[in-house]
Amino acid sequence: MIEAEDIPERREHRATLRRLLRHRLFVSGLFLFGIVAVVAALAPFITDVDPNRLSMRNKFLAPGGNWVFGTDGFGRSLWSRVVWGAQLSMIIGASVVALNAIFGTLIGAAAGYFRRLDTMLMRVNDALMAFPAILLAIAVTSVLGPSTLNVILALSIVYIPRTARIVRSSVIVLREMEYVQAAVAAGAGHWRILRHHILPNAMAPMIVQLSFLFAYAVLSEATLSFLGVGAVPPTPTWGNIMSEGRDFMREAPWIITIPGIALMVTVMGLNLLGDGLRDVLDPRLRIQQ
Amino acid sequence: MKRLLIASCLASAVIAGPLHAERFTCPARGGDIVFGQEANVNSLDQMTSNTISTRNIAMNIFETLMTRDENNNPILELAESMTAAPDGMTYTFRLRSGVTFHNGKPLTSADVAASFNRYNRIGLQRSTLDNVAGWDTPDPMTFVIRMKQAQPTFIEALSSFSVPIVIIPAELENDERQQLRTIGTGPFRLLEFTPGSHARLGRYDGYSPNPAFEQRTGFGGYRVACVDTVTFRIVTEASARVAGLETGALQAVEDVPTRSLEGLRRNSAITVLPLQNWWIQIALPNTAIPPTNNLAFRRAVQAALGVEDIMDAATDGNFRLNIGFQFPNQATYTDAGRETYNINDPQRARALLREANYRNEPIIILTNRDYPPMYNAALVMEQQLKAVGINASLRVVDWPTSVQMSQRLNNDEWHFFHSGWGTQPALGALATMQFLVSPNAAYRPRDDRDDPEVLAAWNAMNNLPDQAARNAAFATMQRLILERAYAYPFGSLTKVQAVRSNLQGFTPFRIPRFSNVWLQR
Amino acid sequence: MIRLATRSLLSAIPVLLIVSLISFGLMRLIPGDPAAAIAGISATPAQIAQLRQDLGLDEPLLFQLLQYYKGLFQGDFGRSLLLGKGVLAATAERLPVTIGLSLYAMIFTLIIGIGCGIIAALRQNSWVDQAAMMFAMIGISVPNFFLGLLMIILFAVKLGWLPSGGYIPFTENPWGWLQSTAMPAFSLALLQAGLLARITRSSMLEVLRQDYIRTARAKGLPGRVVIFKHALSNALIPIVTVVGIIVSLLLSGAVVTESLFSLPGMGLLLTQAVLNRDYPMVQGGLLLVTGFLVAVNIAVDMLYAVLDPRVRYD
Amino acid sequence: MSLLEVQDLTTAFMTGRGEVNAVEDVSFSLNEGEILGIVGESGSGKSVTALSIMGLLPSPPARIAAGQVRFAGQTLTGLSERQMQPIRGPGIGMIFQEPMTSLNPVFSIGDQIMETIRAHERLPQAQLRARAVAMLDKVGIPAAARRLDDYPHQMSGGQRQRVMIAMALACRPRLLIADEPTTALDVTIQAQILDLLMDLRDEFGMAIIIITHNMGVIAETADRVLVMYAGRVIEEAPAARIFDHPRHPYTRGLLECVPSLTEDRARLVAIPGTLPEPARRPAGCRFAPRCAHAEPSCTQAVPALESLEPSHTAACFRARELSR
């Protein structure tokens, strides 16, 4: 791997991509997730009503007709709210993934590479992982106050230790590899070794983890909103919409089911995507989750 | 002070009406009732808790010396008479004979004294006893309260059901806060209590009803337990409560969503019982900071508000327009300040905004999601303020945070705070208007310096010896508050309860009362 | 084995210490007044002030921290502000509900998860396999609160079958408990069941390829012995390692499920404690729950050693 | 009548490129007490033949496409899994190439031996145990009684193979199939295991099929030899004949590079090229592309086994002329 230069590497990437595109699960996942992502990206163009505009005369309209997904208890368009909710889910999921990619890698690499840091970092890591995830997220959002940004921070705090652990275990294995030892013997600096020899090879399990993480993040955000500690209402997150629909599930079940199904499709798409990535990038992980 | 006793009898007679001239007897006895309660209950210690959910259950178990009737007038409960000294320095209670606790022990003045001792030690509203010098038990059936100074409103405070001084057996005097063993004198006794889940009450066969009345009234009156058991089951999901009622798993429920009413009304097996005047939906300005410290701005907001839409959203349609801080069925009700109510005149609002020199400063409406009516009211208010050109936005936190923020001195994080006043307006003008004087003044005057005229009216309400004069002082205070826009009471919220139709005698009240309620076969 | 146990216990101590510090710190950072929360909507400011004083909330922070640790060393986890009783007592009251729910859900998880996993592995690539894996995929993709809501809408609201909300303790009425907890337990279990089905399947496939399975068949052992003794006992080893994760997921999921179905368990208690700023309850409760999880994980390590002699004799 | 008769056995596998025959038209028979060696490169179909006899091939993808296997007068092909169970163990025992992975790591060796006996005979626990100890003793595990509760990972490779043998013989099978029994073992251990097999054959009187790619092993043990190439039997003869007069060019090639017991490289350096994959077998004689003596006619048809002298057959069009 170390002698892999640009061109073979690119060729290898292309081969991986081809294998991914032949993978049935990956493609169906990409399809489901793609729909949601496109809808989310196009939110301003495919909705004509402000998701927060009240219209008390039009409340509780069933789906169909002028109101594709119907309206909620304030006469707000559920289509608008669900579509904008998709955008928020995507933003939150992507942000959590990005924060995890950065800090999970930093912490995991530091712990795995520098033995002296390992114990200390992993103790804190273990402690954070020991909390039931949702409770920790609830406590953190309660501290920070409910807002979209704080939900992102809370979920990152919950999940970074898990990502860090995965990075750490790959780094520990790679650190002992002969070519890394050779680089150490040749007097390469820590940073160089990490950057050129270790991290590129730790990427596969990490990418797989991040794709599942996206799913967890979307799911957890909805759960937090549903419990009333997520993004501030009336922000149209799926969890908020469902939470507000809770009192009307007898008479207006669509308020709950539509965002619920959207949520399910997104999570399923991501899970399928993750399965495909795992099969292709990191067959060793097959047995885990 | 015999007058008071007579007055309460009269009041109950008026409520009971000619049809019920005789004493209540159970048309049918036996059966079990399950009540679907919305809010969780953590403790049944009525002395240290003032949550509605505790009261719901505990006030079927405990009784007090004095309580309130159907119209919130003070009445006697465990006492057969009360005599106030002409100088207002002593109150002498003569206890009813034949009253026993659920453990079989007869009630004596020692128990009352022990109850007052415990309340004075840890009772949540022990400031009620601030003007009390002490209490004596000259004989087992007599209990005397000695005052430090006369307090014309003492009986009103003593009979308050906010955190009532419930009478417990003397041996429970030293029970810790929230650890009170649940033994009272009421028509029901506690069989089983699982916090967070349910409480099961059983009929207390040794109960002796209050012979001074013919019928149940308010929290007291002539009470008889007809059913064998009553289970208060916590069902937080509104839809589940309704479904439970429909399937018959629940015989009675509180807080029925308006949306479900239509179906329930069509169902002949179910009787829908609206409980009017549950609370006053209200928003309060923060007068410590600009621009809400500016009267013109506050009046601009007043002019912008259309309370029908706000109440409609807050209550989902179950409301009554109501001016001020009392309800029309109360003696102290007044519509003073009515011209400030429901103006809904955007033009006037804009003019007032210009007068206030409003420069699009951001206006923060503080609300919470724990109580949907407050959240919903805030949502509509935000929209109405935006419509007249006010740069309003919501700040949604949870209830404890919003209370803390609203009470912090000179806090600049919010301009309007949404709340609901329930228990206090029901208790009367005095209990309500305490919210509008420092240190509690909900309009948060800078450095807690009250508006002197408001404060003067408050003092008059408290200290004038004559009830009519006190009522007049209240009218003045209400008018001042409304005219100066220190509060925006939107209207009265109706809480809907519903029962299976074979459950008879259930009249909605501030607690679900299960005495004089029977199951028809 | 004993060394393994001691080592795990010792390494749990610093974790729990950090947990206790984090939960103390978190709770003190949360804005909002516990007195306002506990007093409820109908409280007057004076009552709230009274309550705050009664609860000892006016003490300085450092003093509260010292009190907290002093108490911990004496086995005193503090006193819940909301319930007025000891944190330990409240936990003892509520944790059984959560454990009961989790066990119930665990049974669903194991039956559905391992069952689907084995059947799928034995009929690899058949329609049975694909159906089972589709089901597992749905399982890991449906948020448990959504599933719970759907079940409430369908069973409780539309059909009026099962009680939704209202918990019947097992000790009071086992059948009632089984019935009233079925819906929450199932909605809680599905995610883990899906997870487990996937793991069981791949683990089973891995094991079925092993030489010793061929050996077992070559010895003329009956099919059920081959599958349930030889294959499953090996396939269970990786499965057991995820049981610890599953218990953690169940407890985490129970937080939501208990709120949704109003089951008076630890999850609901702690959620309400956070929302009501019941500092001592959250601190003590989080510490106890986390301690419980750590203990479960140690137990899983032990179980692992029991199942896999290679670990036991190391 | 012979103990085992295999007639025209054809075993096919379903693959991504359709069904291919891993084993084609294999026929042979075996008498009581006889040792048959099956030799060939890996992939030649010898293991598949053995597993077909035992009915141990996973189905799907594998199936017996044609032919039949008769054991002690009973037709095994077409039996259900359940019907095969009593044959495996008391009828035919089998040991495998990898002693390291062929034992279940989570059960003690005693348990694994005893369960074999228990599956076929009703015996009280004490006797089961005694029998297991006796078997371990027989295969030369010292202190057998104490080692009964040991787990496979506590034993060396040679010991594990001994345990495998003990297990296979626990029910006194009439036929033992040993599939590359020594390949994974150290050279010195290999000889010990082979000796053990010989001794046990003498003691129990069972027939043995030894499958190997190692002509040295055949030389040590076999009475008769079957040479397989690309799924077909290409030569069959008594062991002595094969070594003295190999008739098929492939067999000859095999012998030229006899990897002695001291040198365990399986690579057949004397024969250029590699074994064709089952799906890409050439037309005609499958060995033709690698055969130094191949003629164009060799690719026209598949050569049949031809009896060259009594009990010596070979499948080569040029067998007669080349051996001259």
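For reference, chains read A, B, C and D in written order, and residue numbers begin at 1 within each chain.
Keep in mind that, in the parts below, a residue touches a chain if its C-beta (ideal position, glycine included) is under 8 Å from a C-beta of that chain, and two chains touch if they have at least 3 such contacts.
From a predicted model like this one, the values you see are computed outputs, not experimental measurements.
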Fill in: Minimum number of chain-to-chain touching steps separating chain A from chain D
2
Fill in: From chain B, the most remote chain by mean C-alpha position
D
Fill in: Closest chain to the centre of mass proxy, which here is the mean CA position
C
Worksheet item: Counting C-beta pairs in contact, which comes out ahead: C-D or B-C?
Response: B-C
Item to complete: Please compute the C-alpha centroid of chain B, do the same for chain C, then give the distance between them in whole Å.
Response: 40
Worksheet item: Which integer distance in Å separates the CA centroid of chain C from that of chain D?
Response: 52
Worksheet item: Where the centres are mean C-alpha positions, what is the separation of chain A from chain C, in Å?
Response: 23
Worksheet item: Centre to centre, by mean C-alpha position, how many angstrom separate chain A and chain B?
Response: 47
Item to complete: Would you pick out the residues of chain C that each touch at least 2 other chains?
Response: 31-32, 152-153, 157, 259, 275
Discussion item. Give the residues of chain A touching no fewer than two other chains, as numbers and ranges.
Written reply: 142, 145, 229, 246, 249-250
Practice prompt. Would you mind listing the residues of chain D that make contact with two or more other chains?
Written response: none
Fill in: Full enumeration of touching chain pairs
A-B, A-C, B-C, C-D
Discussion item. Can you tell me which positions in chain C touch chain B when the two form their complex?
Written reply: 31-34, 36-37, 39-48, 50-51, 54, 82-85, 93-94, 152-153, 156-157, 160, 163-167, 169, 259-260, 262-264, 268-269, 272, 275-277
Worksheet, complete the sentence: chain A residues touching chain C in their complex are 123-124, 126-128, 130-135, 138-140, 142-143, 145, 215, 219, 222-223, 226-227, 229, 242, 246, 249-250, 253, 256-257, 260, 263-264, 267-268, 271-272, 286-289
Discussion item. Which residues of chain D touch chain C once you look at their complex with the stated criterion?
Written reply: 54, 56, 81-82, 84-90, 93-94, 96, 98, 101-108, 115-116, 119-120, 151, 153-154, 164, 167-168, 171
Practice prompt. Quick one: which bits of chain C touch chain A in the complex? Just the residue numbers, please.
Written response: 14-16, 18-19, 22-23, 26-27, 29-32, 137-138, 140-143, 145-146, 149-150, 152-153, 157, 195, 198-199, 202-203, 206, 238, 242, 245, 248, 251-253, 255-256, 259, 267, 270-271, 274-275, 282, 286, 289-290, 293-294
Worksheet item: Which of the residues in chain C end up touching chain D in this complex?
Response: 210-212, 214-223, 225, 229-230, 233-234, 237, 307-310, 313
